[in-house]
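As written, the chain order gives the labels A, B, C, D and E, with residue 1 at the start of each chain.
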């Protein structure tokens, strides 16, 4: 948990109002142009927001701002976030000198930290790998270990930067289920970056698209119960989001040369 | 550091007979320590002594300044430099060799293949010269005796650390360098077959002193302790002269780690000591050296007599009675 | 809701505000400009106060004003400048030679196990042996002239360069070597593009030590057959017990050392600007 | 190119027979069990093979074997690969001390290396970023730089380990197009690891699934022309592969609690 | 098709074969067991041959057999063991003290800019100044007894520990500090779990230098009021020109130095087994 190093502004009136409140956020790495250009965003407590956007559109920049990790970056704006923020970085960022379990329980001050760590690892399918070094894990395993580390500490706000990018379909579904289960129990606000539109729709209460440094598109997912691609609402939303991202609704639409296929 | 100081004593006042109880004298004079221990005379000593294994000019001076010892044992040059660099010291004991010509402390090492038979041949030669050390003063004294000036020879400035001089000779980097007796032995043993030689320096270099910072002598208790110590020291020097084999074994072999042969050689080479009970001649010879240094190294002129605390001359004389000349 | 919103950077203009979540900073934070000078200034102040109040005995550590006066005398009669020039040239030549030798040995030993087999052991032996004890051998082999002095300095210098570069090189991440192998680079390109930049942090740290080593070695080599030089000046003064001259020498050493170190660290900052570390 | 350090076996009879030939490949990292257990694989010259498999199933291990990067790993088997192999690592593996362009042209010995590097960067959408440091790129940008580095050197065999994992839909399609174009020109054999079944079907001539340390499934993609998800052959293959990976053909099928969606 | 299939590892049994693509290895490859001993053996051989053929003059560098004979004498009369014990205790105490001080200073200076401001400058000054020149002051402050010796050794030791740990710490990748901040660890946990392990490679490299520094410092401190010790033995022997005793001393130094270095490197290998570097 972030410690009370600074002035602690408690606004009882804000309570349950918004977990995250971002107003007119600007961030730029150089004079050439801003990455975030007056972004406004509000996330309600317990709300699950998926963040889509082109590669290089500023998704990670936004997440780092919310996590308070961009001290050196120029910009203005107002950011309000809860105290307990947990981050899943785009790189898995496991400490190479700590074994997996130690990585997961790092900074966890509960008495049963070890036990909870083991359980979290089991949940992400890494039971038995507690004593492995990070470099002994496959890419997807590392990503899952990082996810376990985040989930084990019950944050009020979970910032996850493509946490499932390196996972196969089955493992990914298992992780979805796990994440959803944990969200139901602890009700954190979640901001999850993903490139998979289906994943966004399946998981989130709201999907937003970042473009030009602002939230270009903000769609509430209004599907109750089982969310299936077959559902027409799902399909419409999917198509709409893909359009927003510049793609027509087919995974691949470029013409394919017959010559090549025959070779 | 020094314990609480005793009563203040003028440098001209008579020396008290007994130090207060608990006075500790810190002495940097390992050879005498060994002699006293070996002869057993140390049991007769009435003062508490804390021995430090420190000898030689720079180290004793450092220790004086750090107030780590009260009295040190050196040749006649270090007290001069102590004086010239602002540490007020007094010589409290003096020693000579019985036959200085036959038992010089230093000889002039000559590099293999270099033709130097006498000090007159030094003209035009490269001579190792360590300005701040006794060896440096010796070189100047030798030049004076040979009737040469610094311009007649090539002085190669280098410090006589360890065996640097004999190495420089062996490597023919210098033609001539003063070597202490221990180095003479090893130098000749190693390089005589290549034509290395040594020649006598022709100047007296046997002066040996005990000296102490003035501040110590102004402490009545310390001064009294030193009075006792110099008496014991004088007897110890004579004991050394009388028991060369025992001293060779105890000091050079056991303490300094020389082989028995080398130890015997060094003791023989250094010859018998005598402790003068009248310092007039000793001081006069010292003045000659001082004058040479003043002339050749542009030091401040000095009446060397002022560096001697002759109250101890009497104390030594009294202690030795008729034993010495 | 409990928000943790302390102002991180004040508004640039009255309209724009900049409120960021404040997290306890665990790294050291922004460098303080000329920070290390402050420590030296404190040291200097302690010296001045100590001397003025008599806490520091003038005979053991001359007072700053005495040192300045002595320094002025030394400058007037030209000894200080002369010493600086002589020593400077010696140190620079020795440093240059030592750096080249250390670097080459480190590359050979770092990149081939056979090279390591032959080089690493002897270097460890060399560095376990006091330089002073090697002087007689060096005198015999190289004489007492300038070559001896420069080679001795180089010998002192090459050790930290070798050790640090070798270590830096060996601790380059293995995955970069893998990458280079799949790119099919030649050994020369591998050294130029992967090994040298990867070992650069180590090398530069070694250089910081090498620079001071070259200065410190002056005290050892200028004992022999030197008529000027900072080391010679200090040795001579300590034989005579001239505390004030010694301290002038030490002040010069401190100045040279701190300046050289600052220069190397500046190079470090420039050359390693690609790094994202706790310090940046 | 890998240099001729070893004995050079030229089998003129083999020519055009197989670019990659793996026989009875075993690899294991510890006594517990093998990662690859007698894997056989053949890839024809110019053939594009997509490799699917669970997280931790040994895909990267196989690729590293083919690239000759697993000297320290215990195992047996016979591997034959062409001389010019190019690898896109699962991590982008840009040298942090080289600017992007220098990373791309590293080891490239053509006279116009720089020019080709620039062009490759432009093709992956990184024009103008030539002088950036790797740490200044977003995750997806780094991945594209690594791709550019691989493509610029016309390999005979391209081993790509999830090269599009961190890319958004549009950028991904662009990269597909680019990769396909380059394949048509230079006809390298390609072994591409991906977790995206659609991507595998769209790009590859053959899709194989790694499981239990062997090739469990080997399916030729028999779709000519434009490959669309709407195509029934596509859909059948997709479903079949997903099944093979343990998923029923829907991106998400876990039941979703109504309570949560309403919060 | 042109394949490049040289056998990398021979078949384990007759049925299994192991043919892997052979890539030119750019890293140094597998460590040769006891490799560094080979280099030392070569050095030793050169010494033996040089002495036997007379290429190395016995008068400058005693022959190995002379050294062994002298060594035996020194062991018989107990001087060598006594010296080793005395010096060993001094070096160990000085090393221990220096390591602790260096580590604490490095942590304070590495983790806070204010600490750095006050500590870094003076340390750079200290390390630019020859230890020999500091002796007078140290004598003044600590006397001429054991405390002086141990403190002087500690002063020589703490510098490499400080510099290396500080450098190691400052070059920990910034992303790990970021991670720690998001995990909300305390400063103590941050130091224990991120800073210390991250700075460990630097610290261990510093330790390699510190160990030799502690041995070399013996030669300096045992000049003053010591009656036994390896440094004292060497100084005394060189006063009397006893080449053979000096060389015995140097051999002891080499043995101690190489052994200590090997021990630290072993610790390095164990403690840093998580690293995947060019060397592994």
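Things worth noting here:
Everything below uses one rule, namely that a residue touches a chain if its C-beta (ideal position, glycine included) is under 8 Å from a C-beta of that chain, and two chains touch if they have at least 3 such contacts.
Given the structure is predicted, the values throughout are model-derived calculations rather than measurements.
The set of chains in contact with chain B as well as chain C comprises E. The greater number of contacting C-beta pairs, out of the two interfaces D-E and A-E, is seen for D-E. Averaged C-alpha coordinates give centres for chain B and chain E that are 40 Å from one another. Chain geometry summary: the mean Cα position of chain A and that of chain B are 84 Å apart.
With each centre defined as the average position of its C-alpha atoms, the distance from chain C to chain D rounds to 47 Å. In terms of their C-alpha centroids, the spacing between chain A and chain D amounts to 25 Å. The set of chain D residues that touch two or more partner chains comprises 2-3, 67-69, 85, 91.
Counting partners per residue, chain B has 62, 65-66, 161-163, 167, 170 as the residues that reach two or more other chains. In chain C, the residues that touch at least two other chains are 23-25, 57, 60, 132, 136, 140, 175, 180-182, 185, 194, 238, 243, 275-276. In summary, the structure contains touching chain pairs A-C, A-D, A-E, B-C, B-E, C-D, C-E, D-E.
Interface of chain B with chain C (complex): residues 57-58, 61-62, 65-66, 81-82, 84-87, 130-133, 156-159, 161-164, 167-168, 170-171, 173-174.
Residue ranges on chain C touching chain B, taken from their complex, read 57, 59-60, 132, 135-136, 139-140, 143-144, 223-227, 232, 235-236, 238-243.
Within the complex, the chain A residues that touch chain C are 2-11, 14-19, 24, 26, 45, 65-71, 75-83, 85.
Of all residues in chain E, only 1-6, 8, 11-12, 16-25 touch chain D in the complex they form.
Residues 1, 28, 52-54, 59, 62-63, 65-69, 161-163, 166-167, 170, 182-183, 185-187, 190-191, 255-258, 262 of chain B touch chain E in their complex.
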